[in-house]
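Order as written gives the chain letters A, B, C, D and E; numbering starts at 1 within each chain.
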Amino acid sequence: MTPAVIRAESVYKSFGRTDVLKGIDLTVAPGEVMCLVGPSGSGKSTFLRCVNHLETIDRGRLYVRDELVGYEERDGKLHELHEKAVARRRRGIGMVFQRFNLFPHMTALENVIEAPVQVRKVPKRQARERGAELLDRVGLADKAGSYPAQLSGGQQQRVAIARALAMKPELMLFDEPTSALDPELVGEVLEVMRALADDGMTMVVVTHEMGFAREVGDSLVFMDDGAVVETGPPAEVLSDPRHERTRAFLSKVL
Amino acid sequence: MTETLVRTDSGDAAASPRPVPPRRPGQRVAAVVVAFLLVFLLEGWITNPRMQWGTVGEFLFSPVIMEGLRTTLLLTFLAMALGIVGGVVLAVLRMSANPILSRLSWCYIWLFRGTPLLVQLLFWYFLSAIVPTIGLGIPWGPTFVQADTNDLITQLAAAVLGLGLHEAAYMAEIVRAGITSVDDGQNEAAQALGMSRGQTLRRIVLPQALRIIIPPTGNQAISMLKTTSLVFAIAVPELLTSIQGIYSRNFQQVPLLVVACFWYLVATSVLGVGQYYLERRFGRGTSRHLPPTPLQRLRGAARNHRKESAR
Amino acid sequence: GGTTTVNQSKVPEQRVDPALRALLPRDIRDKGSITSAVGNDYPPLSLLDIDNKTVIGAEPDLIHAVGQILGVRVRLVQTNFDSIIGGVRSRRYDVAIQAMLDKKERQSQVTFVDYMKTSSSILASGKAAGNIHSLTSLCGSQVAVEQGTSQVDDVAAQAEKCAANGKPELEKLVFPDSVGCFQALSTGRADAFVGGTPTVVYQAEMSHGRFRTAGEPYRFLPYGILINKEEPTLVRAVRGALQKLIDNGTYAKILKQWNIRSGALKSATVNGGTA
Amino acid sequence: MTETLVRTDSGDAAASPRPVPPRRPGQRVAAVVVAFLLVFLLEGWITNPRMQWGTVGEFLFSPVIMEGLRTTLLLTFLAMALGIVGGVVLAVLRMSANPILSRLSWCYIWLFRGTPLLVQLLFWYFLSAIVPTIGLGIPWGPTFVQADTNDLITQLAAAVLGLGLHEAAYMAEIVRAGITSVDDGQNEAAQALGMSRGQTLRRIVLPQALRIIIPPTGNQAISMLKTTSLVFAIAVPELLTSIQGIYSRNFQQVPLLVVACFWYLVATSVLGVGQYYLERRFGRGTSRHLPPTPLQRLRGAARNHRKESAR
Amino acid sequence: MTPAVIRAESVYKSFGRTDVLKGIDLTVAPGEVMCLVGPSGSGKSTFLRCVNHLETIDRGRLYVRDELVGYEERDGKLHELHEKAVARRRRGIGMVFQRFNLFPHMTALENVIEAPVQVRKVPKRQARERGAELLDRVGLADKAGSYPAQLSGGQQQRVAIARALAMKPELMLFDEPTSALDPELVGEVLEVMRALADDGMTMVVVTHEMGFAREVGDSLVFMDDGAVVETGPPAEVLSDPRHERTRAFLSKVL
């Protein structure tokens, strides 16, 4: 069996006195598309951020490709890694944010090649070529020279996806990638994600788009109040939720 | 695929140990070196006989210096008040749709920021050399009321006018940046509610702009505290020039400048505390919780300390 | 406003001269006082008293005595250089007495009533004293001078001469006040200071041997009381009062009291500076 | 209910007249009054014999003044460069997670903002009064290399150190405000891409912070232009003090101060133009279209004018 | 026949060289709930802003309650009104923005009473009483003292509605009031709007919520490229759009 891409074991996380994650156990297999749904404040974003070590965890173990995220285990204790080592591990993980977070002072192409050139030290010419390819792949070949402010929300989010892909990640994390978009523009972004899933990319997607989850997702995880409530194939969970809380939530969103 | 795993060897999750923060030996070494250097410098400074600590003590609270300090504080207060009010007016004019007003404000800022404060101070003080009397009347026509310029513009008035009008030009740019930073939606929401432009500015835009305006204004106030020493050019003696007067007589420059530093540091610190609380006051609503005040933090630390030692 | 002080001096009380008083402009007579700008950092001509507020020195004494003869009180306002000329011309100050040399090029701006002659001297740091005897021997040293004094020009001229004669460079350091000059001298930033003889002598005495006067005093020029050009009668009044002080011996007493041994005038002149 | 109406009496829609902007008689009157006053003042100023315009012309380009101007510009440039670099470093330290560094930076800012610049200048210049020689060695131990402080810190070095280190404390606050204003999402996005903290700062955060940092830095630069005159305390002659030197000799204060104003206004204006273009450069990407440069605006106006007159 | 609340007659508006409104003709009757739908950039927001005179119009006539918006007709010419007069006419029109635009430095209650106190000069005590009532009506009686940053998006939007209602408007304009909200929170806001409609308030609502349009709307207007393409009862337009463009748009959004 190939190792799981993500393996979370009783992950705990609190901010001050609020416990946000209360023992998350999850495994994501290579090539799997996992959809994470749940009410606001249930800790979905926090979990995603822990996977990328944008947040430290308090207790438990979180492995990406069998390596501890942001820590090293010595003498049975977890030691936080140094910034450089954390950055190195992060390169294999692409993240797409709800609010795009494109670099506003750079054109679309510059956004895409920034990390390869700065972090991976790819020669600029080569990076530009590959950047153009990626922009083409997300349907924005003609927008390479535009600044983010000159792009629609859907186009911005697609640039953000291209930017994450430029680092050749083996895992992509999406945090509500379409919820800041006008209903009309949602389609373009989901289309790109669907193509990515078809290519075999391992993905964790926090979303409210149940249609996408049903069609593209391999598994659906319902979280509430910092814990995993229900988990299973999307079609099953969506049509016949076992838990009361899942049912109540789905009735509001669908 | 999505089964739940619990690693047995790591034991109960709640009992699994908290991660240890990384050691940063470089930082520790740096800290020690810095502390060492500081102590070395401080030791050298304090034990240096040239500091003449006795003289410092002798002059620290002497009446002349106290009076200079009072003048400095008074001038700073008045000039900053004039500067802030003037700055707000200039910024609003500068952003007004009326091109005449906007250009006028631009010219003012250009002129008052661009010429040396010394010249402006001398200008107000010696206005009478150019305009011996100030009168109210019709240009090129009859004058109704008139007064001797030297009587009208006292020494203090000249100082405050010079410092304040100069400051207003700088404050105008700061206020403008602050107003620009307020989201346009705020303006629209207020207008949609039927509020007039003045009401919108006063009640909605300015209170939010303050968050951006206060920190650079703090810079300006601290700067003003020291800029006031220029008013000696028009014979107003304040803190620094009083001190210069003293050491020009007894040549004990070093200890007297230490006295100056002491008082300026005290004044700056008081201003800094004021700024902290002002920022806190106008940061209201920008985050979920207000940060604790230093006092509250102190109390919190004391509480924690008690807890720790009770173990 | 301002720092107005009344000087308790040991100068003999003067009697009012009605004829001279009659020359005063009407508004001064109405006010009953004249305002005089004074310095406070040029001992022994002007310095601050032990209370750090009152200005004392030869200049305050002289102007007070002048005031007594004219029958008016004297308000002293301590100023720095920037406000003196403007102050006199805008009538903020009626007169100014602040160790100002009466020089030709200045006479187009104000009128001077000369009250004593001064000369320039060199003060050298103990280290450099051996090599410095005159302006010419300053080549290759760093020389401090005070802004606005005629010694600035002297040293500048000497610097050019040094360069012209292929001697080592003379570096001129202009400081805003005499304190800066002496500080530079004592920290080794400067080797010599060129200034008015009274100050140089005073400092040499005060320094307990760290500084020494070098060479002989040179070039005598009158110090003048500054008066607005448009007030010829005030000029005559002040000149007359000063002449009276010289005649009745008070003038000599004041100079002696402040240890000024040279430069006394026989008669008070108006715009007597010819250089 | 929602039928389409076309009012017949208003005719064809495209032909319906454009609305007329409102008249503002108050504004017009104000404009005329202001223009009138300006002309009155200007007339009085230019024809005033005390201005001695001849003297102004005589000294405007005199070598001493040109040299003073050069010193002023050089000092401003060096001090601002040191101030900006120092300010960035201090701001970054201040915001670092390391409490020692953060506190150290706080202390620096407190000390250098809080003491008079005059003292700082004198401190560097007369350092030898306290520390006659500077050496490299072990504290309380042997010294390896050592040099005379006066040789090490030249006059210019003392001036630049004094002005620059003082400025750095002010710039630190400005840079900090700028960095804080950059959306946190930018930091996270960069980190998520595997960029190090240094790279994030240099490539992502600072370029965006510049938009906020530039305007107050312009204020500071203009201020510095004039603050350089304080270096006179350590016998460095710059523009204003060169001019003071001249009028202290010939007593022609007014025309010489006009010369000073002229050059400061020129320098300020040049700085202002530079700032405009910098702001435009770093405003890239914040709006859909860049505003036109003044040059472009001028050309556009000329074009419109030609069109108008061609009718 | 009572006069129409809004009467637009060939309203034209352009920004620089872009024509945004190209001759809009519309009537809104008292008590009518009109839903405005259309693709992004079609000029929906701009029209709403013209009704409130947040934008000036270039040509045509726009009446609210038989009064020209922002203008006065003299000698057959339109003269722009002075700020004060415009502000007076605006008081009868409430507007709710997509991004809420609450005043962040004021609590919920202060937001609600600000305009009545400042503009209508209602005594503060009276304003507070009525403000509390209004907050109660939108279900936020217990949040009166909270700052906007402490409220969820749905709560913020409800405060914004209460704020607009505090001026007792006879016409409410909603510009995509729910599109910045999480799907779960949309319901609460639509509920408040539904209640408002039931009370007989005249409303113009720009929205992508077709369910709301169908259930609550009296009429639906489809705009595209600055012009009204189709208009009619919502049920009719949604189920059987006559125009090709309407059909294409609805297929994406529904």
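Definition applied: a contact is a pair of C-beta atoms (placed from the backbone, for glycine too) under 8 Å apart; a residue touches a chain by one contact, two chains touch by 3 or more.
For clarity, every value in this text was computed on a predicted model and none was experimentally measured.
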item: Distance in touch steps, counted as few as possible, from subunit A out to subunit C; value: 2
item: Chain located farthest away, centre of subunit A as origin (C-alpha); value: C
item: Intercentroid distance (Cα basis), subunit E paired with subunit C, Å; value: 80
item: Interchain centroid distance [CA atoms averaged], subunit B/subunit E, Å; value: 44
item: Distance between the centres, which are taken as Cα means, of subunit D and subunit C, whole angstrom; value: 40
item: Set of subunit B residues in contact with two or more other chains; value: 24, 118, 122, 129, 253
item: Multi-partner residues of subunit C (each touching 2 or more other chains); value: 82, 86, 89, 183
item: Parts of subunit D lying in touch with subunit C, wherever the complex brings them together; value: 50, 122, 125-126, 128-129, 150, 155, 232-235, 237, 241, 244-245, 247-254
item: In the complex, subunit E residues that touch subunit A; value: 39-40, 152, 179, 182-185, 187, 208, 249, 252-253
item: Subunit B contact footprint on subunit D (complex, rising order); value: 24, 27, 30-31, 34, 36-37, 40, 44-45, 48, 50, 98, 100-101, 104, 110-111, 113-119, 122, 129-131, 139-140, 170, 173-174, 177, 212, 215-216, 218-219, 222-223, 226, 229, 240, 253-254, 257, 260-261, 264-265, 268-269, 272
item: Subunit C residues touching subunit D - in the complex, by the definition given at the top; value: 81-82, 85-86, 89, 103, 105-106, 108-110, 144, 147-148, 150, 152-153, 173-176, 180, 183-184, 186-189
item: Touch list for subunit B against partner subunit E, complex; value: 183, 185-186, 188-197, 199, 203-204, 207-208, 282, 284-288
